[in-house]
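Written below as structure tokens is the structure these notes are about.
Chain IDs A, B, C, D, E and F follow the sequence of writing; residue 1 opens each chain.
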Amino acid sequence: MHLIKKPAESLTTMTELVLPNDTNGLNNLMGGRLMYWMDIVSAIAAQKHSNRLVVTASVDNITFAEPIGLGNVLTLRAHVTRAFSTSMEVYIEAWAEDIPNGRKVSTNKAFFTFVALDKEGKPTQVPEVSPETTEEKALFDSALRRRQLRLILAGRMKPNDAAELKAIFDQAK
Amino acid sequence: MHLIKKPAESLTTMTELVLPNDTNGLNNLMGGRLMYWMDIVSAIAAQKHSNRLVVTASVDNITFAEPIGLGNVLTLRAHVTRAFSTSMEVYIEAWAEDIPNGRKVSTNKAFFTFVALDKEGKPTQVPEVSPETTEEKALFDSALRRRQLRLILAGRMKPNDAAELKAIFDQAK
Amino acid sequence: MHLIKKPAESLTTMTELVLPNDTNGLNNLMGGRLMYWMDIVSAIAAQKHSNRLVVTASVDNITFAEPIGLGNVLTLRAHVTRAFSTSMEVYIEAWAEDIPNGRKVSTNKAFFTFVALDKEGKPTQVPEVSPETTEEKALFDSALRRRQLRLILAGRMKPNDAAELKAIFDQAK
Amino acid sequence: MHLIKKPAESLTTMTELVLPNDTNGLNNLMGGRLMYWMDIVSAIAAQKHSNRLVVTASVDNITFAEPIGLGNVLTLRAHVTRAFSTSMEVYIEAWAEDIPNGRKVSTNKAFFTFVALDKEGKPTQVPEVSPETTEEKALFDSALRRRQLRLILAGRMKPNDAAELKAIFDQAK
Amino acid sequence: MHLIKKPAESLTTMTELVLPNDTNGLNNLMGGRLMYWMDIVSAIAAQKHSNRLVVTASVDNITFAEPIGLGNVLTLRAHVTRAFSTSMEVYIEAWAEDIPNGRKVSTNKAFFTFVALDKEGKPTQVPEVSPETTEEKALFDSALRRRQLRLILAGRMKPNDAAELKAIFDQAK
Amino acid sequence: MHLIKKPAESLTTMTELVLPNDTNGLNNLMGGRLMYWMDIVSAIAAQKHSNRLVVTASVDNITFAEPIGLGNVLTLRAHVTRAFSTSMEVYIEAWAEDIPNGRKVSTNKAFFTFVALDKEGKPTQVPEVSPETTEEKALFDSALRRRQLRLILAGRMKPNDAAELKAIFDQAK
């Protein structure tokens, strides 16, 4: 097993066509279907990083700003940003294209966290992440802050102990 | 249109059987399929509150703690907690049961936010929420804090302006 | 195992959104999809009553009176009405709502019968049913008559032996 | 439009492979999936007889006697047995084959009733049925009795008026 | 095991209703969904001929000439044309009907090849084919030429060795 | 509209997880499901090249050499190789990975042809293709030969007129 992997090694691209059953009464993609695809693309990225079966541990807050219409082509790109012992954070970007009308919009950014499991289904160590590009390094650094927020929201860390996150509020004073 | 509605008026219960295609390589329900069902049950609750078509605006951080096995029965209960002009926060609880083995576990709690749309697809006013039970009142009160966190995470509010949320960190000092 | 259970202990509520692939050329829910959902909700009710895996043994005559449109919300409620050694009769009611237009109609009532199976797949004894409400008692009583009709239609009972059912025709003279 | 059609003109054969998502915890086909397929094959037969869009009006009592396993091939054959002004009764037979093991069993017989609709969605006259074989004639004759039972069960006919059906009980004396 | 089987013994008929999720932005059946159905109907025909589990080995060139609309009824008929030791060629014909408008068109003809596998997953001998009708005999004869083209296209035969196929070009001189 | 486009401009990558319902009795991906995905990824590539809605016109011979197991990750890459007035040939490569076991195999290469349609559904001119890499140039050149074979197989060209294709057999002498 590689002890350190680059984000590029887990990069996964998924393309989906928005079909009638994916849409609501307004002919737009339902948020739940989009999250279903995000979960699959990011699980595959986490598999590639860890060479293990993985399970979804958490999903960070997602905002849905742009409607995505029936017949649009949705592209999702995912890669691991940082590893924390047995868990991995994955960053997902989604774009929607209405190709015949030449419209392409960035629709969502999301963070999913996965835990790698061994053959007995127990959490198991994963490789470290070695970021290369400026964006990868920024995602690597901010992963710590997102992790603190996740732990607080899950009731597993006290706000007082979240040094990285707390700094945001202190700066604001 | 009722100007004020009770959470009980939007209460929606959904029951799903975990089928093979919903599961991963460990025969457990995939997180993405669970979020797909959460989106549908909470959209229906938001429809019931607003009597409008609704679109998913955001999903708060979700933690997946318990594996949910193939053949389990999943029960999801959703109701609107609070309205903010044209948007509604919906609270969802999920339980999984392995009925033949008599195991029932609470698996997830989640908050989805929806926007109500009129026939032209424009955001439109929804009824206020009048909480009745102690739990409904607690959810109504904390909705403000969750909303601030959502706005900050979406880059639409400065941490300094999130009075409700900031108090958590200040208390911690 | 409880030797006697109340109908309320098996009560199961299912909510489904009518999606494009569930509809026919008139944009109405296909009868077959509705029966698919009825089978699942009633199988879950029978599982809850028996704490066993169950298989569908028969479906009574179902009438489809009301069209159910695309985008409607379908609510199905099921509970066990009476047990017969290793089999259970389940009563299902279905309502359809066109929420934005404020229309809610009762669409169907149906009876499904299930057999409980042990781990070897052999039929196994289930708890008795103890009805509580007036409606539950009426369903418990009439279950005998429906069972006789089922057995006659399946060629497993002679009309002459169906005392309960025969009374209907004799009264009519 | 032909005023009279033979059952052979509406004969429809459907073959389905039982896939994982069609099965329950015992790896057998769920009754609801089978009824979904029965509804489609019989709706197509009713379309062929009437050259109209059709909607399911009712389903007669169905018994599920034989388990149908994962990977089995299911064959459904349907044809119209008799027309009643704007409605048609369709008879469906189903066989299951476990081809590698050379097992083939008759699994179900069922009757579905459909109403033909014109372009405005109003019930419209359909051709008469002219049965040819001995079996077709028997199905044509017994259709009257089944129709009376359907009307009684739907609360639209009094048992006393069901001459055909009543005879069964009177013979039994 | 029969050493020789007739094409009629593997004949399989499949009927499918074109539903919204099967269609593209023009409301016509997607080619990929049609090939999915062709694969299933021809795999069942190959199972019937060989009484074995089978896997798809190759698909010959398919032309899509006629659009098939939403709500159309698609009929596929498949039978084995010839066996080559452990493999079988299956011929599939497809018709589409717009029943309410009385239009029926032949849409596709295709050849799929399957390999029969024993319980260890190893290729295993299948019965010979004994064609009966004129069409079956023509398909049996031309199967050799199609097989040569398949082997050349898969890089497993040199054009020079494809006597049957080469004759077509030589005749053309 | 660009009059000339590079293959890179239509490049589309799709990643799919092989789920239970995609597999046959041997737990391997069914050929029909793979062709369904190939059709979607190549239709999207053809859309990107033409900025039009497209319909599948033909599929060239496909060989299935490698079994693809349940839980494998399938990657499909497609781009337009050459345009012929209103039609485009798309080349698709597929790889399957069993990530936890570190196995990755090239499984298929395929050519699909699409026709671009304008808003009235009539075939319409598409941009030329300007190949850049050595592989793209080879695919561009050989596209002519594949097109001749397609036309002969569809009965729309005489073997004698297929100069490019005939050369293969003449060389062989």
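The rule is short, and it goes like this: a residue touches a chain if its C-beta (ideal position, glycine included) is under 8 Å from a C-beta of that chain, and two chains touch if they have at least 3 such contacts.
Here the structure is a predicted model, which means the values were calculated and not measured.
Taking A-E and D-E together, the chain pair joined by more C-beta contacts is D-E.
At the interface between chain A and chain F, over half of the residue numbers involved are used by both copies, so each side presents largely the same positions. Most remote chain with respect to chain E, judged by CA-atom centres, is B.
For chain D, the chain with the farthest CA centroid is A.
Interface repeat of A-B: among B-C, A-C or E-F, the matching pair is E-F, sharing over half of the residue-numbered contact pairs.
Chain geometry summary: the mean Cα position of chain B and that of chain D are 43 Å apart. Each chain gets one centre point, the mean of its Cα atoms, and the points for chain C and chain D are 20 Å apart.
Counting partners per residue, chain A has 20-21, 24-25, 40, 43, 53, 100 as the residues that reach two or more other chains.
A list of each chain pair in contact follows: A-B, A-C, A-E, A-F, B-C, B-D, B-F, C-D, C-E, D-E, D-F, E-F. Note for the complex: chain B touches chain D at residues 19-21, 70-71, 100. Within the complex, the chain A residues that touch chain F are 12-17, 40-41, 43-44, 47-48, 51-53, 73, 99-100, 102. Contact residues on chain B toward chain F in their complex (touch as defined above): 20-21, 23-25.
Of all residues in chain C, only 24-26, 28, 30-33, 35-40, 43, 53, 55-64, 67, 112, 117, 121, 149-150, 153-154, 158-160, 166, 168-173 touch chain D in the complex they form.
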